[in-house]
Amino acid sequence: MCLAVPGRVMEIEERDGTRMAVVDFGGVVKDVCLEYLPDLAVGEYAIVHVGFALQRLDEESARRTLELFEELGLLQEEFGDPWEAAAGAPKEAETK
Amino acid sequence: MPDTDTLAAPDFSNWSCPLPLRDHPRVVMGHGGGGALSAELVEHVFAPAFGGPVLAALGDSAAVTLGGVRLAFSTDSYVVRPLFFPGGSIGDLAVNGTVNDLAMSGATAAYLSCGFILEEGVETAQVARVAQALGAAARAAGVEVATGDTKVVEAGRGDGIYLNTAGIGLIPAGVDLRPQRAEPGDVVIVSGPIGLHGVAVMSVREGLEFGVDVQSDCAPLGGLVQAMLAVTPDLHVLRDPTRGGLGASLNEIAAAAGVGVVVRERSIPVPPEVANACAILGLDPLYVANEGKLVAFVPRQHADAVLEAMRAHPYGAGAAVIGECVTDHPGMVVARTALGGTRVVDLPVGEQLPRIC
Amino acid sequence: MKYLEEFQNPELARRLLDDIRATVTRPWALMEVCGGQTHTIIRHGIDQLLPEEVELIHGPGCPVCVTPLEVIDKALEIASRPDVVFCSFGDMLRVPGTDKDLFRVRSEGGDVRVVYSPLDALRIAEQNPDKQVVFFGIGFETTAPPNAMTVYQAKKRGIRNFSLLVSHVRVPPAIEAIMQSPDCRVQGFLAAGHVCSVMGTAEYPELAERFEVPIVVTGFEPLDILEGIRRTVRQLERGEHTVDNAYPRAVRDEGNPAAQAMLADVFETTDRAWRGIGTIPQSGWRLSSRYREFDAEHRFDVGDVNTCEPAACRAGEVLQGLLKPHECEAFGTVCTPRNPLGATMVSSEGACAAYYLYRRLGAPAAPATPLEASPVA
Amino acid sequence: MPDTDTLAAPDFSNWSCPLPLRDHPRVVMGHGGGGALSAELVEHVFAPAFGGPVLAALGDSAAVTLGGVRLAFSTDSYVVRPLFFPGGSIGDLAVNGTVNDLAMSGATAAYLSCGFILEEGVETAQVARVAQALGAAARAAGVEVATGDTKVVEAGRGDGIYLNTAGIGLIPAGVDLRPQRAEPGDVVIVSGPIGLHGVAVMSVREGLEFGVDVQSDCAPLGGLVQAMLAVTPDLHVLRDPTRGGLGASLNEIAAAAGVGVVVRERSIPVPPEVANACAILGLDPLYVANEGKLVAFVPRQHADAVLEAMRAHPYGAGAAVIGECVTDHPGMVVARTALGGTRVVDLPVGEQLPRIC
Amino acid sequence: MKYLEEFQNPELARRLLDDIRATVTRPWALMEVCGGQTHTIIRHGIDQLLPEEVELIHGPGCPVCVTPLEVIDKALEIASRPDVVFCSFGDMLRVPGTDKDLFRVRSEGGDVRVVYSPLDALRIAEQNPDKQVVFFGIGFETTAPPNAMTVYQAKKRGIRNFSLLVSHVRVPPAIEAIMQSPDCRVQGFLAAGHVCSVMGTAEYPELAERFEVPIVVTGFEPLDILEGIRRTVRQLERGEHTVDNAYPRAVRDEGNPAAQAMLADVFETTDRAWRGIGTIPQSGWRLSSRYREFDAEHRFDVGDVNTCEPAACRAGEVLQGLLKPHECEAFGTVCTPRNPLGATMVSSEGACAAYYLYRRLGAPAAPATPLEASPVA
Amino acid sequence: MCLAVPGRVMEIEERDGTRMAVVDFGGVVKDVCLEYLPDLAVGEYAIVHVGFALQRLDEESARRTLELFEELGLLQEEFGDPWEAAAGAPKEAETK
């Protein structure tokens, strides 16, 4: 369960006493309830599930995670596999 | 990965539905979804009742011989809601859907019939708008509406406008396009980006509305097919992946020809808006409907030239090789994923539903 | 979509796989808790790419699979009433109850509608004051807050023809139950990232500690799954068992306090039956007494439903990782996606449905004629 | 009688509907009744939108030329309630209705298409029964169902089963049957007793039920037509008087050819049960539907021989001369009553309704 | 049908016509009161066969023609309500109200049903307790007893969701009104046989005497009409003016006492407007106070309907025999059966519709090529 | 108005406390309410309007009427037109 996708807040408005946003998901735009993230601002990203923004998406964290993945390979290419070294159990490195 | 060798091999010999229609004393929406339930209705109900040799061929259109002339003959009913959607209308679909089914036999549509089932109370202006769209689409496709019919049903027993068209066209000499002709080694080509029609319609469907800059790809494919046949009349299979999408079409071909099909997911042209709409709704673009695309099974030696001819045509500009036909896993379609894994692309059971998980 | 595509990058996936391969030295059985994760794994063929030492067991985090038969039957009964508009997420329409599914109720005249959001159901209630509108409130901690907000709004706005048929479930008690099973083979958990987006991570350290099992909060894209596996395997290889967050862009330790507060107001925890598994203490939510009037079970008095799970179905064992689907006698013969006996055969992320697809395939990982050999590819 | 000479002559030059569709911003049941409202929809909405030269001919079926071969092409949708009625079913109608429209062009039906629009919730067993009836009717008519389609619409947006069929068949050389060919002097022949289908269906229609030993005349007329053409290919017009009955068919022919038609009421074969059911309901048998009858406009010199050939065929055993084509009152149909008076048989406006007075 | 066919016999018709021809010596204007008789006359072309001295004026006895516009508009308003099932005889669906007709109400979503009998409407009411079922109670003394019985049954069986929109009219006051018109040309009446089957003949001698006009109770088959004409002409030629019964097989002098008693219980006489003619004192029936609760006008409070009869329509004069339809400016131009301005253009027995059909025909009585000349006839 | 037709009573029964008959109209059979003609018997004819029997059909009278019509012509043929004679205004007799 829990199909949730990251979207960017385009507009915010009050509707029926409820804080609602227009959220863009890469060209697909839907109305989303902001009641659980009342301080989310236009331009920010949130994780949206069944029409509700449930958590702010931390863009800095996302960037760092991707950097880590990039480095994984680099480390491996440049210095050999770190865990392999750590575990002391040599395995065949696979070529791309 | 799980160790396949150590698994006891189940007996697959009797894997057909053991109790046909057992769960369906009544028709459910999925019986019209173009997937497994639709196929079951044809197999267990319609074919035994009125199927003959031509119907049994189960192509997009039937190839019949009349007065020494080979004709393609096809019908579809159109029940799309709403009647107008970004990029088209039920009138456009009623023309292009049938024109394209004829084109999948290699025929250029010559004449259409058109049956309107109107619900009492539908605005006559709306009927006129649909009729005008149908007329414009017919002119664009170069086909003439030759005969028609109108029925009115009581309010609450219809839904505004349903349409049926049937079409006939000549099949050129030497052309024999049938799903049964797919064979290992054939290259699988799709004529352009997929999923546009389905996403365009969903975006304006009541209760599901979302904003997206996507137009239905609804278009007549007769010209594209003629351009392909000009390269070689020896194409094996053409199919327009409408209801059930590319996934259903590939499965139908694999099943009819008893071949395996492998597609490389990364090669399948999926526009970002389609991918993103599917991501939100939990749908697979492979099962989303198209109305202006075809999938072709082309002998390997002609594949380059056919692809080139397709790309030179406006309705084939985005054509791409997406896979091939294999001897393995006959009747099944397998996708190589972007990551290098594989998955089975099954015939959808019924209609696609938004998921939450 | 930004923050989606980047986490599907095949080159980075290869690096993560290389890293996992480089790390693993012996067999490990990991359970991904969430059906959404199962879906990603199957959709992208991730299980086939992992080193053979890493076995993935599909967990119970698929509401389609675990919603108990009694609740499905109650849904079917309520949805059959002439005055009811029954709204549900699409997933639930094909789940078999004792005699039928919601599709069949529709075909028998029931007004069953698929909605994208529970707020859609509330709008339908407003627009149809002469109808009883019932929303099928299933799902885990991720879906519970939207449903809670909808009931809250119904009460606040005085929409009295709306009610919720509640069968919400919670992940931590399920992990506990699985670990307490005598035959349990699970050695590490990929926790459900979006559940933690709401609930945070506070509930997990105690479990990790008690069962000496690593719990890694994991996202849903291929790279997220691989990173979750990578971190779990790393802990296992190191003999560690901590709670780790492999999905930091969407999960904070504290979760979403506003959502948690709403859950505490609208719901209260309760024992809950999990389909095929049995009752797990305090594993579910029901409406709190403050919202009892919005409880569809209460409103429609469907207390006494007699259910009968097909005896042949061993989905419970499958869900706990105790049995492989193909080891079930019914698998592929009387039980297929077309005619599912158990819920795990219904949706593509159900373990039985997944096996049904894959076991038909001779050699899934290696097509006989590689695409790359195509002259035009 | 009133003195016609002393009446001021009204100006008839602009007697067409002065404000088309003025009263009908929405479709009413009568738009599907086969009468004036149906004709108006075609004239004002469909023909301007998608009408071409073939459609303009407005026959029961279109005559088209494809690959040098002359084909008849026709479609009809079938929405009859109930699905089964004494003497037939919607499945029989779907075959015979289209087969007969082709026969009215002189063609023997070769292939049919068949589109099912199913309402979610209809019993699959009912679908199967209809399919079986359709198959049996196709075999009896010697026509093959070559291509089909199934759509499912949501409960409440259909009515169990709607069908559409389209058909194609070869038109023999030298045959040119069109309503425009009716000419003064032609003898008007009907192939047998009228009104049986309409009365059979009404007798089981909800809310109108009555007991009557009447079966629908639903039958394929291709063989009868071939027997007639064997006498001479130079028949002028054939028409199957379905919706709107004999009255509507005669009016359409009179209007299309610009001739007058005179029928002698006493010669029109009306079975007593039909006459009596009509008497109770206040209907005119001339406007009641038939599904196994034809009306023929035959050159005078061939009339005896054609009538003889018809009577020798099982589906023409009750054939009778009912009138003739005249130069007077062009476009109008006049009946000589049994008493020797005359009355105008007008095109019905919409559907026939039970009268109380 | 026995007792129908015998009275359509052409040979006997010829004898009656011969007799009429032999009798008549100068012009006479006869009015057939009932629309059913008009129908027979037109259907069989009887008017064309009569000697030219005998002119038939179509009377007001067609409920489709005379039901006042206000009542039609009330029917349209009630039928448009979402909770109403509006039942009617088929004839009334095409009668134009101020803006539309019942067919149009249907097309706009109204639940309008054609029934054969008012008892059918009562059954619909029983079967749909959540709906208000209204029956359109129009017609003369023949139709009033069935409607009265239906209301009586509704009351007796406690079917409270049934009501009647009443616009019943009575023949004798209409005859009186016509005879009192200063331009009246009518010299003899064919009284409506089936009205007299119910009411008997007691109401007519006073009228015949007062206006010195023969009144002959006449049936509906061709021979019945001819016999009615024959007897009327005979009286006129003789200078007599009595009430005569030319339809004795179906009319007794006392009528049907049971039906009369029911009418007296369920209805009470009232002034009634006749479309195009105006109000005729005591010419109508409304529900008596004992049955007021079943009165649809009362139940739906549709008292204030503003009507607007097309100014061009001269149907009132036509109905009284003061004007020939083709003398109306609108006739055949803006007023046709397809788009009727007045009710007399709606049904084939309306005088305007009848003229519309016949005047288009050059020489109706003598087709250019007699059928008898056909080689195969 | 008043489309009413003669039908023959086939069966009689009580339904919902109402006297109902099955009536045959020359092969067309419908249910008819007999409340207004409670003593109508099986085999008799009645005039039926919108599902109600309104008056017994007098078969003897019908026969006599038809006889009269027959005689009209005979009289005329045999003895000349009686009204003509009565009116004293001679008119040309028409041949058949």
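Should a chain be cited, it is by its letter among A, B, C, D, E and F, assigned in written order, with residues numbered from 1 in that chain.
The working rule: contacts are C-beta pairs under 8 Å (C-beta built on N, C-alpha and C of every residue); 3 or more make two chains touch, one makes a residue touch a chain.
Fair warning: this is a prediction, and the values are worked out from it, not measured in the lab.
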**Study point:** Third chains touching both chain D and chain A
**Key:** B, C
Study note, to complete from the structure: Per contact tally, chains sharing the most pairs are B-D
Check your understanding: What is the chain whose Cα centre is as far as it gets from that of chain C?
Key -> F
Point to revise | Reference chain D; chain at largest CA-centroid distance | key: A
Review point. When the C-alpha atoms of chain B and chain C are each averaged to a single point, how far apart are the two points in Å?
Key: 32
Revision key, fill the gap. So, in whole Å, the Cα centroid of chain A is separated from that of chain B by 36
Review point. Which integer distance in Å separates the CA centroid of chain A from that of chain F?
Key: 91
Practice item. Please report how many Å separate the Cα centroid of chain B from that of chain E, as a whole number. Key: 59
Check your understanding: chain A: which residues touch two or more other chains?
Key -> 1-3, 5, 25-26, 49-50
Revision key, fill the gap. Expected list for chain D, residues touching two or more other chains, is 24, 26-30, 120-121, 272, 275-276, 279, 282, 355-357
Study note, to complete from the structure: Within chain E, the set of residues that touch 2 or more other chains is 1, 4, 14, 34-36, 61-64, 89, 106-108, 116, 120, 139, 143
Check your understanding: What chain-chain pairs meet the touch criterion?
Key -> A-B, A-C, B-C, B-D, B-E, C-D, D-E, D-F, E-F
Check your understanding: What residues on chain D touch chain F, complex-wise?
Key -> 210-213, 272-273, 275-277, 279-280, 282, 355-357
Study note, to complete from the structure: So, in the complex, the side of chain E touching chain B is made of residues 106-109
Exercise for review: Would you tell me which residues of chain F are touching chain D in their complex?
Suggested key: 1-3, 5, 22, 25-30, 49-50
**Study point:** Residue numbers on chain A that touch chain C, as the complex places them
**Key:** 1-8, 16-18, 25-26, 33, 35-38, 45, 47, 49-52, 54-55, 57-59, 61-62, 64-66, 69-70, 72-73, 76, 81, 83-84, 87, 89, 91, 93-94, 96
Review point. In the complex of these two chains, what residues of chain B are touching chain E?
Key: 120-121, 155
